[in-house]
Each structure stands twice: as C-alpha cells, then as structure tokens.
Amino acid sequence: MSLLSQEHMLGLNGYSEQDLITILDTAERMREILNRPVKKVPTLRGLTVVNLFFENSTRTRTSFELAEKRLSADTLNFSASGSAVSKGETLLDTARNIEAMKVDVVVIRHKSPGSPHFLSRHLDSIIINAGDGRHEHPTQALLDMLTLRDKFGSLKGLRVCLVGDISHSRVALSNIIGLKTLGASVLLCGPATLIPRHIERFGVEITHNLDEAIQNSDALNILRIQLERQSTGLFPSLREYHKYFGVNRQRLDKAASPLTILHPGPMNRGVEITSDVADSDHSVILRQVTNGVAVRMAALYLLAGGRAPSPESKPE
Amino acid sequence: MSLLSQEHMLGLNGYSEQDLITILDTAERMREILNRPVKKVPTLRGLTVVNLFFENSTRTRTSFELAEKRLSADTLNFSASGSAVSKGETLLDTARNIEAMKVDVVVIRHKSPGSPHFLSRHLDSIIINAGDGRHEHPTQALLDMLTLRDKFGSLKGLRVCLVGDISHSRVALSNIIGLKTLGASVLLCGPATLIPRHIERFGVEITHNLDEAIQNSDALNILRIQLERQSTGLFPSLREYHKYFGVNRQRLDKAASPLTILHPGPMNRGVEITSDVADSDHSVILRQVTNGVAVRMAALYLLAGGRAPSPESKPE
Amino acid sequence: MSLLSQEHMLGLNGYSEQDLITILDTAERMREILNRPVKKVPTLRGLTVVNLFFENSTRTRTSFELAEKRLSADTLNFSASGSAVSKGETLLDTARNIEAMKVDVVVIRHKSPGSPHFLSRHLDSIIINAGDGRHEHPTQALLDMLTLRDKFGSLKGLRVCLVGDISHSRVALSNIIGLKTLGASVLLCGPATLIPRHIERFGVEITHNLDEAIQNSDALNILRIQLERQSTGLFPSLREYHKYFGVNRQRLDKAASPLTILHPGPMNRGVEITSDVADSDHSVILRQVTNGVAVRMAALYLLAGGRAPSPESKPE
C-alpha cells in the first residue's frame, strides 16, 4: 500500500532515484502546509504511530512527533528508560507487544545497527528508522538533500563535503547513499582516525585537509563532534580539532564562490563550526530543521497513507 | 452514570458476575474496532483522563493511553518523578490538585495497597486502579479472563493455574477473584516462600509441584520472576528456580491435552518460561496484549461513557 | 494579532490595568467551559504549542497542557533532560530549532531570569513565561488574582499579604506587580533573611511579625518553604520557621474577620501552613488550581487566538 517501491524506511539503501525524488517532491508540498495558518491535514487520522526511542533524542523525536500530529495521526511516545526494556525484555518481545496493541507505524531509534530491519522481518507495522547506531538515519539525509535541492535546484553534479567525525556519525552513510543516488559527488574530510576504513567503496573521495575540501565543494555538511569523544585518543583535543577541522569565516572566504553550510545539530559553536559561519547568510541550518518536519510528513504519508481510510483526503 | 454496578474500578472485589460479563462482552466489541483500518471512535470526546503513575510501567501506561486515545479522550500523563510528589506533597493533595483541574477519570498506579480506594473516597473523578502494590490490578485480570474466554468459550469449570511468585505479584489476587466469580477453579503453584500464607481462604488450591499442576490444569498463567528478588533468599537461584518451576516444552508434553499459556509480561525467557513455550501455538501471550487495550477501552467506556455528551454516539 | 496590548506574556510588568481585566474576564468565561460536560472548544485548532521546560514542574506543565488541549491546540512537551540542551546547545539554538519546526506558541520555564524576554527578541513565536527563576511567573499571579476577585468582587483596596520566602519565590514579584496594578495593597511578611533588599521600591509594606500581618490583611498568600533551603543558614530550622511564620488556626482566629487563604502549592503541611488552615472553608487553594487552567486558557486565547483560522469560532 506504500506509494514508494519500499514498504518501510529502514535506510536509503534500496531506495531508487525515483523514490527519493517522490519523497522530496512530496516534502515540498508538505512544507507548504507548514506555512499555512493551520498546519494540519487529516491524512493519517485514525492511524497510530509509536515513537520507540531506545536512545534519547529529543530533537529527532520532536520532529517526528510534530510530523505525525500535523498529519492527524495519534502518537505515542515509548522511551526505554523505566520500560520493560530496562527489565531485560528482548527487542523483539518489546516490539511484538507494541504491535499487538495494533499500531500502524513504528518509528525506531536504537543503538544497534540493523534493529529496524530486524523489526521489519517480524512485525506487520510499517517501520521507519530514526537512527540505528552509526548505520543509517534516512530522514536526516533526506532533509539534508531537500535543503540542498532548495538551494541548488538539483543535486546532479553537486559537490558535497561531509566534514568531521564520519566514523561515529549516524548521518554520514545515509547522506552518502542518497547523494550518490541523486547524482551528487561526495567528499569526506576529517582526521584519519575519524574516517572509517574502506569507506571508498561507496564511491566517495577522502581528504584530510579542510582547505582543500573547501576548494572542491559547493556545500559543507559539518558533523557534530561529540565532546565525550575527547578522552578516547581519536583526536588530541578540541582546540587541536578546531585548529585543523573547525569551519570558520576566514577559511570559507578563500573559496571562489560562497559555500552552503549545513549542520545536523546540535552545534558546538567554536568547535566544529564558528558562530559567524553558523549564523551567516550561507547557513541553511534552520531550513534543515523545517525540512526535517516536512520530510518526515512525506515519509509517513507515502508509507502509511495507503492504510488510512481516504488517502486522497484533502487538507481541512 | 456508570453502566456497571460500580462507579469505579478499584479492584475486581465487589464486581458481580454480571459486571464481569458486561465488561468482557464490551471488550469484544472494542476489539473489533482495533481491527478496523480506523481504530478510533468518538465515545469519550471532550473527556480528560489523567494517567497518574507513581511507579514506572511503560507497558500498562501505554495500553491505557492507547485505549483512551482510541475512545477520543484527551490524555495527560503525570509521572511522579520530578513532580510535586517528589517535593513531599501528600497523595491526597496531588490528587485534589489534579481533580481541581476538572479531570474526568484518574488511572492510578501506586505502590501502596488501597491508594485507589483512598482517592475514590475523596475525589469526584472516576478512579481506575492500574495496580496498587501487590493488591489488585483489575484490568490485567480482565484481559487474562477475556483471553481465556476467547480460547475456551466460557470460564465455567475451567482449571487455571497461576505459576510462580504469587506473593509479589500484582496480578494474582485480581485473577483469583475474577476467575472464581466466573466459575473457574484456581490452582497456585510455586515455591512455598513465594505463596502468601492463608491464601486458601480465597478458595484456591496450592501445589509446590509443577508437574502435578500441569496434570490438573487447562491453562497456565506464568508470572514473572523479578530478577532483583534473587538476593532476598526467597529462592536459591534463577537456575534452581528454573529447574523446579520453569515451564518448558518437555514438561508440557506430559499433559493429556495441550495447555494454554499466558504470561503478563515482560517475560524472562529461560527463567520462568522457555522460548519454545512462549512462542508455541498454545501461547496466547500476544493476544493478551491486544485484549489489554480492548478491556481498558471497555472499562473506560462503561465507567465514563455516561459522562460524555452522547454515550450512544456511533463510531465515526 | 494579540487581543492585548502586549504580543507576549513575559511578565505582568508592562501589562495595563485594562489588559489584566481583559484576561481575568476571559478566564471567567473559560472557567465556564471547564464546568461543562465537554470541556473543549476548537479555538486554537491547528496551532502548535511547545511546552519548553528546562526545569521540572509537573504541576505548571500539566496546567498549561490541559489549557492547550481544551482549546484544541496540538501540544508538544520538550523537557531539558536528555535533550540537545544537556549536550551543551545554547538556549537560543534550542529555541530557534523549535521555531524552525513552525511552532506558534512557546511556553518556557527556565531558571535564568529574562530568558523569555531573550527568546521574544529572537523568535517569531508567541512567548509565555511559565517561570523564569525568581523573577516573574505571570500566570501564577493571574490565577491568584482571579481567585481573589472571585472572593471579593474586586481587588481595589484589598489588602493582600504574601507570607514566607519572598526571596526565592517565583510567585512574589508577578503578584506584587499585578495586585498593585489592579489597586490592591501588598504587604510582605517573613524573616528578614528571606525578604529581598530594596523591595519597597515596588510600593509594598514589610513586616516580620505574622500576627501584625494577619491584623492588617484581607487575604494571605502563603508561599512554599523549600525544604532544601534549611541547610543554608537563612532560617534556623523548620520548627523555628513554623513557630514564627507558620499560619495556623489559632493565629487566624485573632483576626477581626476571617482571612482568605491562598497557597501556590505544593504545600508543606505543618511547616508554612497547618492542615486545619489548608482545609478550612476560608482556603481557596483548590479554586486556585481550577483558575490556573482557566487563566492559561485565557492567556493562550488572547495572545494566539488571532493566529487561528477563525478566532470567533464558537465552542463545539
């Protein structure tokens, strides 16, 4: 009943160019709804979506919850703390229980790569991956792509550079897959210790020199440095990291034409990005947030809209 | 205005056979709603239900919240952590405050036996007990009974055995009362240290031999062993417990005809129940979960439906 | 688009007498809705309100959430724990993110005085202050004032005494400003260590003698003593505090005519107030709670109703 070639959104792996374009086009229409006085349509009325977050992520959960409510779905937040999960129940038992409650869609955030795929094999609900460890985070990549398309009209031939801690990012892989599918080229820039081995097989280029990356990119997607990573020996110090990989105005000014700046948030101002960059006219960071709601509305509508009584139902 | 002989659901104690049958019959109709594409009816539109959980129970709270939303009630989750409760306010003051906000129904989970009864004496709201310590947990017993009735057609003459930690269970007493009221006989099976003294006055039989219990039962309701109980000296070890009271396929195969298996969850697979039993065709554990939502919808409708503007209102 | 002279509710400072009367009059009409069988009107349908609580306050958050739901707004609870905030994000970045999600109203509780004002300068959303440190808590003062107006018909010439820990109260300043604006006189009573220096510039009187305060007041608003304050040396002990500033029946009986008793809750029975006072006929403490929902409905309607599609929309 999905309007895509896929029943679930486990990752962008397996999504065709046409699927991605359908999602981005639908997200544009959803975004129009967000700019109306009444930002709500009855599309998913009567359907229930569970936000099954085994890791804290207020930002992503909030964005999904808003998307669900704006499509008039009933939402239920299920967080792991204090739940049967902490009593030692298996993921499968937890999920089966939630499904036995007759839930239509499960949005899952879990630290284990592949957990959404595991659920999709055992449940009848539609599964949407909201981040499975360092693996995929497809709606984040889609919102990044929509934001780039807004700016450049098309992703074909666009040169996008992901900057920073590629290894521990839940954002990088989905971005690489999605951008490549839509015809962009992807460059990775960061310290050698924070770039996964063998990542070249995804058809990306690698550099350890930020100035070089800036010369060869149209847009930078600056990943968050997790401050708790400092003591792991993967990089010497935040000051050192900032010196070599922090994106600031001076560095950007050397580019032939201004680069578009993305960041998935939350930002460490003064570490991976300086405030003059974050708040500049070329930053699309807040547009990413708006697009996040729009993209999630699109994904929910395309995957679950067929389950609702009148998928053709017009906005109120 | 209740459609039952009781105004509240403090426990199954005091509920007549007719009341219980009304609830189970209503729950069957509610379950039909859960199998529709749109699982929602306007029955409680405009009423407010507060889920007042002084103990964590994601599972029970989620089931109630779903039931409330499917009846179109407005729901409010009030958990004790971070609330006035942790600032030393009395239960009565907390409850009066919530009622002064003009709430129609209070669903309460509290560690103290009798706390729902206490509230019902002081508030005008309808009170539903979602577990008061080791005392009653009426909706859990009702969902167990509905699941058994689904399987056997009637509870009259049915032989049900509760297996495990009867003493610390919030499930046992409500089950005993409800099952006896509907004409079933109840057997308790567990180590002597985990069966309350004088429990025979409720008209139950006791055995400490699981094989004997299996020979004399049509259905086993296997209670959860709380792993933190291990160090209390009430039983030697989980391994030991499993050896004597763990329900596995081999033991069940000795029965003349297959026993129906219930478990209130969350399960400790390999302790009180093995996976081959939990996942077998005779397990109705996931049906219990579905019936949990249906039974809670029924209780809410029967107790509070009379407060809504049009109790006869048809599904949308 | 606000129906008041102010766009936001950052505090009662800046609100005119006419504004305050409009809010209280509107709250009276909202309270009528709370006494209907169906306590819900479609006034804010389609608008989204975020409850952005950086400090725990189940009581205030619950009251706002109820008010929002009864006006048919979509609500989203955003608490600081586990959010980007705890990852070191600035308040402004958090707020901008929330606004980029196209939120209409932000209700903020934050420990820093002035944080709602800061937000209002940077965001397009309507901001409502739900307590900024020890500074203002305007809806609390409004509910106190509505409760007093219910009892006395008018606040003109009324003598109101705030008793207790004025220094650490988030309630005192808004009460002083609002009461003075509506023509009441305000007396403060507490130990010298718990009354801020220079508070007289707000046109209040001060006494350190509770019996004297009782002689010269029509109503006492008894503030909560925060038990954790005990070890700070600001007062000797709870027993000592109770001896000199605890309001009990004996003390009140010496007044010429009975005083009306308010308390913002949660109460420490036996410390700042005794149970015979809290539960007496002259206590309006529970009416305050009901009025809290009504006043918040009024504020939301007056500030945000103009954003909704049909502000004139009648109750369902």
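We just call them A, B and C in the order they show up, numbering each chain from 1.
Everything below uses one rule, namely that contacts are C-beta pairs under 8 Å (C-beta built on N, C-alpha and C of every residue); 3 or more make two chains touch, one makes a residue touch a chain.
Computed from a prediction, not measured in an experiment: that's the story for all the values here.
Engineer: What rotation angle superposes the Cα atoms of chain B onto chain C, in degrees to the nearest 5?
Structural biologist: Rotation angle, to the nearest 5: 120 degrees.
Engineer: Same or different for chain A and chain C, where same means more than half of the interface numbers show up on both copies?
Structural biologist: different
Engineer: So what's the Cα centroid distance for chain A and chain C, whole Å?
Structural biologist: Between these chains, centre-to-centre, one finds 40 Å.
Engineer: Touching two or more other chains, which residues of chain B qualify?
Structural biologist: Answer for chain B, listing residues that touch two or more other chains: there are none.
Engineer: Once bound in the complex, which stretches of chain C touch chain A?
Structural biologist: It is residues 45-48, 74, 76, 78-79, 82-84, 87-90, 93-94, 96-98, 100-102, 307-309 of chain C that touch chain A.
Engineer: What does chain B use to touch chain A in their complex?
Structural biologist: 34-35, 37-40, 56, 58-59, 62-63, 65-66, 69-70, 227, 265-269, 286-290, 292-293, 316
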